[in-house]
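Across the two complexes that follow, chain A remains constant while its partner is chain B and subsequently chain C.
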Partner chain A sequence: MDDGMISIATDFSRSPAGRFISDGPASGERFRRDFLIPGLQRHDRLVVDLDGTRGIGSSFLEEAFGGLVRLGFSASELMRKFVFKTKDPSLESEIRSYWK
Partner chain B sequence: MRAISEPSGPLRWRRARRKVRQREKRHIRRGGLRRWHLARRRLNSEFVRIFAPEVFDLSHFVTRSATLRFCKSLREAYLRKRQNVLLDFSRTRKLRAPGMLVAVAEIDRAQRMGQTHQLLRCRLPAAEDEEGQIVQQVLDQIGLLERLEHPQIHSDKSVFHDTVRNWRYATGTRIDSKPGDVLYEYEGQLAPSLIQKMNVGLSEAVINSLHHAYARDRGDGCGKFRERRWWMFTSEDDEGHLHVLICDLGIGISKSLSLPGKWDRSLLKKFATLFSNDCPDVRAIKTALVIGESSTGEKHRGNGLPQIWNAVHENDVGGVAIFSGHGHVGRSMETGELSDGFYKSGLLGTLISWQVPIGAAGSDSDG
Partner chain C sequence: MEIAIPEADILLKFSFVVTAIVTIVGWFVVASMTDRREFRKEVREYVKDAKATCEAVQASAHDYWLICDKKSAGASAVVLKAEVGNLARHLQILATLGVATPSEMMADVRRAATGGEFEKKGRVRTPVDQDRMAELAGSIQDLISSIDMAFYQRFKPRTQRQWSRFIPIVGLLFISRDA
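Up next, the complex of A and B:
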């Protein structure tokens, strides 16, 4: 199985925030467009490291991960393909709640 | 062409005498004042003087109405009547961060919306006592003197009073690392988890400003502000508390919730009955805190305000307060007491304030 790895803090930004690209340089929409969608297309499984940032807000998480459902990805496919690495389990459960 | 020669003899003497007499007459007409003095007086007469309140504050109803009246007078003179304004701080003795942030935001907004030929200047209090010196230093520290083209108090800000040196100011129209950078200056003095949660709360507050606060005209009669701008302060008080504040000058939470097609009507009705004993603005703040629906009606959107509220909640230290319109809702984490209030004078915008004791949170291992 081909695994992809994305670290939000090192690959994207230490201060991820905002929903839309117009909100700021490290928005959820940009992260979804530049990292999550290409990652899902290239790999069977995507490991996302959520640690090392200055904190991740709900608006960023919802737009980045919840937005995938709005773009047509099925919830079951997302549940299967994503693996999260984090010291804060509430972040993972928050993301998965967006797919239910 | 023949050159005109200078008159000589008695003619020259008579002309010189006449010039002196004319100068004396002019001097008498000016009431003995020198010309430069008159010029300065003329300049002052072209300015509308607005006296700043003695105390800038939002919590107490007397000082709050004085602070908001100052902001209104500024908008009225500078933006509606297009006059030059002299902000007179000579009577100001105390600057509390929430009141000062709203005033600074209003000044900044006025300058951005005003015409280029308009002037906005200030007069400082006398530096005779410590209170006057502190007011002068704070205005310098937050960059207000520079904006109002007043000479700075001291080129070396490290000589400022202990409580002044820690005032930080930031503003922007997007969410970037700027608010976090200001907050992370306290890295090492606050627990990593607390600082992380406060940073999340800050960024969610900025997002709320960007998405909801400027959705409609503010209704102050000054025209539309074309920027989605937020303003931020951090400051320390004498008791070792760090205050982190962020505000917008938008429509406020109450008007934001009533925007047509933005929120789920049935949910709003449910919450309206739940908080029916509260005044409309307090009810709106409490509704926004519990509502989990988005501004577009889609599930999971618009839940930033609870994160703002919970930024210090899970750490059981400090406090949080939300001011919007005429309402205020706050919570002290130490006592767990929830407070709310209604003020006669309404804030045109929303202000969120967190307060945490510096060092009291210690350090934790999850950072």
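Up next, the complex of A and C:
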């Protein structure tokens, strides 16, 4: 199985902020477009490291991860493909709640 | 009621052993009770800190959603995210100390504090922001209740765990039966 790895803090931004691209350069929409969608297309499983940032807002998380469902990815596919690496279990449960 | 008294010479022969055993067992009991009491105090301090952080999250959210202007919104958002992160860390520490709360509760707090139009450029205040504050207050109350419940599950009140207080009664029953 081919695993991809994305770290929000090192690959994207230490200060992810905002929902849409119009809100700033480290928005959830941009993260989804530039990292999550290509990662899902290239790999069978995508490991996302959520640690190391200066805090992640729910608006960012909802747009980045919840937005995938709005773009047509099925909830079961997302549940299967994503693996989260984090010290804070509430981040993972929040993200998965957007796919239910 | 008659109470059986063993013969005096047997008691005298082994009295030093009984005394030593009772003393050693007493040390262990006292040490373990002291450890438990100190550990309980430490955990209670963490619980207090977690509750104070809940209040800090509420205050920062109030500042971001209802008070700050466009110029200070960025700084206010950073403070709010830091406080939410701080609360999440407190809950992780409490979980390692045996006082675990469901992760969905922290997710609810984060969603209420930093969801919707959080960090939106040029955000304007709307009546929905008041509803968000009410939602956040409810989520925080649920979380605090859950922390308290977990704490008292971990450190049960005295009446629920002190089965040892029945030992003398059971001992008396055995002695009277033998007699």
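Things to note:
Heads up, the rule we're going with is that the second predicted complex is superposed on the first by the 100 of 100 C-alpha atoms of A that agree within 3 Å, B and C clash if a C-alpha of one lies under 4 Å from a C-alpha of the other, contacts with A are read in each partner's own complex, and residues count from 1 in each chain.
We adopt the following convention: a contact is a pair of C-beta atoms (placed from the backbone, for glycine too) under 8 Å apart; a residue touches a chain by one contact, two chains touch by 3 or more.
All of these numbers come straight from a predicted model, not from anything done at the bench.
In the superposition on chain A, A:R54 makes contact with both chain B and chain C. Of the two partner chains placed by the overlay, chain B and chain C both lie in contact with A:D23. Applying the stated contact rule after C-alpha superposition, one finds that A:E62 touches each of chain B and chain C. Once the two complexes are laid over each other on the shared chain, residue contacts for A:D3 go to neither chain B nor chain C.
Applying the stated contact rule after C-alpha superposition, one finds that A:S93 touches chain C and leaves chain B untouched.
Of the two partner chains placed by the overlay, neither chain B nor chain C lies in contact with A:D11.
Once the two complexes are overlaid on chain A, the chain A residues touched by chain B in the first and by chain C in the second are 15, 17-19, 22-24, 54-60, 62, 87-88, 97.
Interface of chain A with chain C (complex): residues 15, 17-20, 22-24, 54-60, 62, 87-94, 97.
Across the interface of their complex, chain A is touched by residues 174-177, 180, 184, 196-197, 199-200, 203-204, 206-207, 210-211, 298, 300-301, 303-304, 307, 366 of chain B. The residues of chain C lying in touch with chain A in their complex are 77-78, 81-82, 84-85, 88-89, 91-92, 103-107, 110-111, 113-121. By the touch rule above, chain A contacts chain B in their complex via residues 13-15, 17-19, 22-27, 54-60, 62, 66, 70, 87-88, 97-98.
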